[in-house]
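Below you'll find a set of structures to go through.
In the two complexes that follow, chain A is the common piece, with chain B as its partner first and chain C second.
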Partner chain A sequence: MRVSGKTGWLQNAAYAWLMALLLLAFFAPCLPLQWAFGRLDVLRIAAPPSAIHYLGTDPYGRDVLADLLLGARTLLAVGLPAALLTSLIGILLGASAGFWGNQQLRIPSVYFVGVLPGILAVCVFGVSWPVVPAALLGLIASWALHYFRSSQYKIVFPVDSIVLAAMLWLGAIPRIILILVLCAAIDLTPPALVALLALTSWPATARLARAEVQRLRMLPFIEAAKVSGLPPIRIVWHHILPNAWPVLRAAIPLNLSACLTFQTTLAFLGLGLPDGATDWGRMLSLAKLEPTAWWLIVFPCVALATTFLALRVATPTHSRTSA
Partner chain B sequence: MQDAPTTVRVSWPRDPESLNPVVLPNAFAVQINNLLYQSLLVVDGPRRRYVPWLATALPETRRAGPITYLTYTIRPEATWDNGQPITGHDVLFSLRVLFCPGVPNERISSGLSFVRNLEIDPADARRFTFVCAGFAPEYGITSGDFPILPEYLLDPQHALRPVPLAELTADSLTSASKTACAAFAAQFNLAEKWRDPQQVRGSGPYELVSWQSGQRLVLRRKSKWWADKMAAASPMLAARPSRLEFHIIPDPTTALLALRRGDVDVYPNMPAADFERLRTSSDAARFHLYTPASYRMVALEMNTRQPMLRESATRQALLHLLDVPQLMRATQYGLGQLSVGLVSPRERWAYHDSLPLRSYNPQKAKALLRAAGWQFTGTRWQRHASAQGSQPLALQLHYRAGDRTFETAALLFQQAAKELKIPVSLRPTEASLLSEVRRNGQYDMVFRSFYGNPFSYDLRPILHTASIGLTGGNTSGFGTPSSDRLLEQLAAAEDSTQKKRLLHRLQLMLYEQAPLGVLFYEPNRLAVARRFADVRPAGPEPGYNLASFALKASAN
Partner chain C sequence: MLVGACNVPLQSFTKSVQSAKPAESVALLDVRNLTIDFASHRGNTRAVENVSFQLSAGETVAIVGESGSGKSVTSLALLGLIPMPPGQLSGGEARFQSEALGGEVDLLRLSEKELQKVRGNEISMIFQEPMTSLNPVHTCGAQVVEALRLHTTLSKQEAAARTIELFTEAQLPRPEKIFKAYPHEISGGQKQRVMIAMAMACQPAILIADEPTTALDVTVQARILQLIDDLRRQRNTAVLFITHDLGVVAEIADRILVMYRGKVVEQGRVLDIFTNPQHPYTKGLLACRPKLSVGKKRLPTVADFMREDATGGFFSTEAVSLQSPANEDAALKGAAPKNEPDTAKLFPVEHADVPHSADALIGFETAPLLETGQPVPNAATSPVAAAPAEAAAADVPVDGTHTAPYHASTGELLLSVQNLHVHFPIRKGFFGRATEVVRAVDGVSFDINRGETVGLVGESGCGKTTLGRTLLRLVEPTSGSILFDGDDWARLPTGELRRRRRDFQMVFQDPYAALNPMMTVGEAILEPMRVHNVGGNGRQQKDRVLELLRTVGLKEEHYLRYPHEFSGGQRQRICIARALALQPKCIICDESVSALDVSVQAQVLNLLNDLKRDFGITYLFITHDLSVARFMSDRLLVMNAGQIVEQGPAAEVYANPQHEYTQRLLAAIPKDEPADIRAAVARRELV
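After this line comes the complex of A and B, so read on.
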């Protein structure tokens, strides 16, 4: 299999847009904008594009251009880490499930003993500081037990079934409903939103990683590595993942696109970041306050559509070629 | 007399929260309460005065030393739904409920604190006399402005009957009375009771059909109502629509769309932008559009129990960060009226016009912050607090989510505070949750509405220390012995000259202490489908008389 990249002006344009977005978001505070970020111009509420506000103002008198740039920062500040975390979780879980299956991962029983103090502490104290010393105590105890070889008994850990069950569970509940429920339960800060997006978006990447690793582990050079006694972690890290990477890297822009879409949807529903954080989705939701203000729909929509299109075009495609 | 069956559908931005006639958490609950229950007197909005409702006339007043006697007679036609006549015994029962310990009645009972006893004429149970401590001209109206409750429904076991009203008003209950009150309160406070159409019934013209919280509340005209016999006796005894539906539509855009599509007929308190859009659209011809000056004010309330906001200088400083004229331009489209406090400028005799309107003045805000002990470190304001080390000035600002006026005000305030390096985090909150947050004192500052009226200036329910608590209306926690004394004097003022003097003192005190800053009085922007007549738009809440609505002859 080989990865074939699109070439030509379309891909160059996509890269250029993404790069420009990144640079504008990063250097937004330094830009010589006529109207400062978040500043209200209450004399020009929902005003159309003009020489003062190039892209008009929203129903609160904020400059749409400034908000688009600020929104890009918010989008990337949350969407990018969320996409990277999603990819990381998906690849790790998918690769584990694909490589070890249900029978291959055997964990010394002492490690399970080691996590007991931590679980007990969580049950008694909840998620609070006593969990940390309890978890440390558990780790030290399990290391000591393992070191002195007090127990050689190993437990088969059905990692594939567990990952598949988690994917099934997450797939069974509509993601928007799951996130709405979680949003009601927790205070959405940027790290919380990143975690929320990542923890609900990883199955697609995991499925891809699992399938690719299952294919790779049957190949002769992996069998040879196993026979030669290489540790499984080393096989995965040095032989499986590098060979799976051309396929897996395609998941990153797709994950970014998915996270941005979801982040925007949440913001549109008023469930995104708190404290008046500007977001393209939130900008779009303001259009309903002034239905005749076309500039509130057109400019954020163009920015969103171009970004998603660019991410789609920039995603490397792969094709199988027979040797 | 009932006309042809008519359904009137009203758009509401939020739920009434409770239909308990003693609790009445918001203006929507009050509106429903006035359709289900009746009081002795009622406000005739367009005429801006109290008129008899259950009573035959305004009370006869007689003074004897420190005691005032107010005598009412209930209309002979007035009956409960079971046919029993409404008598002084029902008024006595209602007063017992309003003073019963354990019942969340603080808000309503504080307005009746002058009542000592009720004497029923042995010869005519419909005639009775309030025995009141002291005298104030308002006693004549406030004594008749509370719901008369049916004893046969709410206390069929007569648990409260043995409890003398004099004991309840003097707060000197015997142990037997305490036991009786506790037993009654336990039954009365059951939440499910106040959703049950069989229990939520008064002498009013309507009965509850259904209430789905956050969605819809439906009332139906009683097939037989006692005032049917009194056709055209008073506009306040008219009840024409056969069915009233209150649709909860929190989003103003959706509410406007529903109005334009004909899904609702009445949209009160419209946001200014939507009202202007409707006024200038081709749909305007389909609606009556009114803008009566209301007694609803937009205010910034501060939690004086928060250590940061304990000093009046800090509170004053924060009020100087509000550019109210600019806010009014942005949100009210030129309508509305600036005010220095809780008294409407329309009430010229009572309004303290010598007080200057508080201006947007960051420099003065800085000076006031320094006077309150805050020091600017270059990046933030802080002061030394012995218990917690240094205390930074960082505030949370709550407001009702989706309300454009509040949101604009909050953003403007945040922007002004940011220039002074005071971090303000905005907390748009759902309406019923916000009520809970305010009741529990879990806020620093909140933008909210206050509903006033031109009749009574008894501000104890929102400013007296006795009203602080989970069921009280003083959510800012403000109060000092001198402010309490002033409020009590005001409630007992015997003539308008004394009342004016006390009101001026109160406005000055509130201006200096600044537990809340009134920004402006809003007009009631009201749209009603043109097929209805007799809307009777008015200043006092709710700003229209739903029961008097009638289909125009051409629409029949």
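After this line comes the complex of A and C, so read on.
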């Protein structure tokens, strides 16, 4: 397998844009901008680009350039963790499903007694005082039971079927509607939004990881590792994941652009983070108030489009050659 | 000085062979000084250099060489099938008497349009992989009809009728049925027959067969070779047969070209090549193949015959002690009886110590009876088993020089498999219960003693690989027991199994896939030691890895290299080192040398035998190659359709096969003894 190593000018431009976006977003508060963030210029409401406001102002008199930079901060503060979490969940679930399948994962039954109720309790009652210590206690107790009486009855855990079913159900409901309903139901804070995005967008990555791991686990060197007596976790970590990485790493930029799209859509619909957080989507929605103000549409759109294109170009491609 | 000394006679005998050929008017194909280069980022590689040969109608010329010798490139170049941006024609010509193009043409300089008239029509080709050279979405018949209609003016019905005719000629059973079958519905041998029918469809003047039998079982191979030879005779087709295995062509070729590193190092009549090879490489190639007739102590390798210098020239280093293989054969033919036992290959000490006693015989005879798979209680009480025991006793010479019992082991049981079944469900019933199963391993029982090498032979699909994998619990057994070193591995819990795995290792078939490409060689060997916590602390473990690398014939500086930097033989050495790292009691070699060139194969087999002598390892040697099994094994298990049909001392089984299947298997091996070749040549001249 060979990962194409050549970078053309297009790739370089894409990397440059993404890097610039990251740096500008990070250092936005330190930039010497004439119209600082959050300040309203009530004299120039919805003013076209000028020497004072380089990219114009919105209907509330906020500077568009400052808002773009602030919006990039919000975008990356939510989008990056969401994309990383999505990739992590997807790779973990997909690799488990692909490696163990339905037959191979045997979990000592004590774990079902001790751990599952704890997880359920956390899910139902949330992360709160008596629940978390109780769940931890259950975990420790089941581990101890397992450790001191080693030959226990083990339950075959059909991880593949479970992951596939989860992907099927998540895929069956249109994602935008699912997110809209959930947005309406819960109070959205940035961590909640990250969790929401990650928990609804992992199936694509999981499908990729599952297919790749299924291919790899049949290869002789994995069997050789098994014959050497390596524990399964080590086989996955040392042998499977490094070999799957050239494929899996493409998932991260793809997840990032997917998360950014959803975040922007939510903000445009006015369902994203609570008021006060500037967002490119929300900036676009403001353009509805001033249909003639082209700068309110053009600049956020250009920023969004460039970012998505850059992410697409920067996605690592690979070509498999029969060595 | 040595280089020059070798090059001069080399050229001279090539010339003499050509001049000795009967003067023919015009050869059908006359290749002169063909030279092909491949451009890469590291510069040009010369794949084929100054290759010249002639091919006349009705003649079979074999090009023999190992991987990378340029034999396939030569044949592909004749059909213009070499992609020309990386490849480039640096010189030479290939004069072909073409009917379609009206007279003599140079194949290397034809336009694509002209080539299309030649390809499949006047020169056709059969490829190595019958599994992939047929299109899976069309029926076999449709593919041959397509080829026919492309080059002839036949109508659809006529072409279909002709195809059935061709299938009949290719000796396909029930041609009408095969006509409508898709490639996945027929066996590998049948696919190759369809390919041959397709290749012969337009009555080509030349048939190029590129390793047509390499992927096939030995019994199928024998029939396909016969078919190609029959078709050649019937239609006076010239056959260019490309192979890595000299033995395959011994009976069917008229002339042989031996290629090495892109050059023809020797060419001549088949009998001359086999009985009187001139070039050191040919000598090495002939000598390093395990022979069925003689159990040798050690296989000579090509390196014993020649060395290469930096400029790519080679010189002979033929050791005085090594006899020329032809002479040896001749000498041994008269002297040694055919059923000479496999003599003290590499452990003279054990052999000398173990007397040829009745114990050994009884030990053998108490092994499960072949056909039934049921254990026989005792040789003494069973008249059926006692008779072969006497026969075996009579056959083994007792003159002291060949005091070889069946196994060079201490007689202590290491592995005992009893009534092992492995079934794979192929159809599930209403309640998820398997209603139809494939019985991959069907009631197998055998024993392996400590220090013994047991060969497991059989054709593809007989269950030998599944058996090996089941012993290691890579496949779960359906029933039966695997007693290894006192424990039943079939019932070990997973955690315990993982800890015990250090005693029972495996060397896999494909050295290219058996190593993690992301790990250095050192890490790969070190990892199992770390996991099992053997070999002391980190530093001692590392020292041990370096020692292992030296043991298997690699260098210490290879520790930090990645697998892709090594050749197939070197990788197999790394795999062996990894298996050895845990100091196992038993190693299963699953077709471990099948993917290697013969000369490399000889080195690896020698290494395995050296390791056995030094560390007392027990091997279960799974292979489809009967000659390799004969060379390696003390005892032999013959497997067919999931059952062990015959078992016994290797020499015994080869000399006096009892089961009909074993007899068939042995009869199908290509014969390359000078007498056989002489007979084959005489046969051809008669016809």
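Here is the rule we use: the second predicted complex is superposed on the first by the 308 of 323 C-alpha atoms of A that agree within 3 Å, B and C clash if a C-alpha of one lies under 4 Å from a C-alpha of the other, contacts with A are read in each partner's own complex, and residues count from 1 in each chain.
Everything that follows uses one rule, which is that a contact is a pair of C-beta atoms (placed from the backbone, for glycine too) under 8 Å apart; a residue touches a chain by one contact, two chains touch by 3 or more.
The shown structure was predicted, so the numbers you read here are calculated from the model rather than taken from an experiment.
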Answer with clash or fit: chain B and chain C placed together on chain A by superposition.
fit
Going by the contact rule set out at the top, does A:Lys226 touch chain B (first), chain C (second), both, or neither?
second
Let me test your reading of the model: by the given contact rule, A:Pro316 touches which partner, first (chain B), second (chain C), both or neither?
neither
Is A:Pro242 contacted by the first partner chain B, the second partner chain C, both or neither?
second
What is the contact status of A:Leu43 with respect to chain B (first) and chain C (second): first, second, both, or neither?
first
With the two structures laid over each other on chain A, which partner does A:Gly101 touch: chain B (first), chain C (second), both, or neither?
neither
So, does A:Gly61 touch the first partner chain B, the second partner chain C, both, or neither?
first
On the A-aligned overlay, A:Leu289 touches which partner chain: chain B = first, chain C = second, or both, or neither?
first
For A:Gly270, select first, second, both or neither according to whether it touches chain B, chain C, the two together, or no partner.
first
Rounded to the nearest angstrom, what is the minimum C-alpha distance from chain B to chain C in the superposition?
52
Chain B and chain C footprints on chain A, overlapping residues:
none
Tell me, which parts of chain B touch chain A in their complex?
251-253, 273, 277, 326-327, 329-330, 401, 404, 407-408, 411-412, 414-415, 425-427
Note: in the complex, chain C contacts chain A through residues 469, 472, 474, 493-495, 498-502, 504-506, 508-510, 512-519, 527-528, 531-532, 564, 575, 578, 582
Which stretch or stretches of chain A touch chain C in the complex?
1, 106, 150-151, 219-221, 223-231, 234, 238-239, 242-243, 323
Going by the contact rule set out above, which residues of chain A touch chain B in the complex?
38-40, 42-43, 45-46, 59-61, 270, 274-276, 288-292
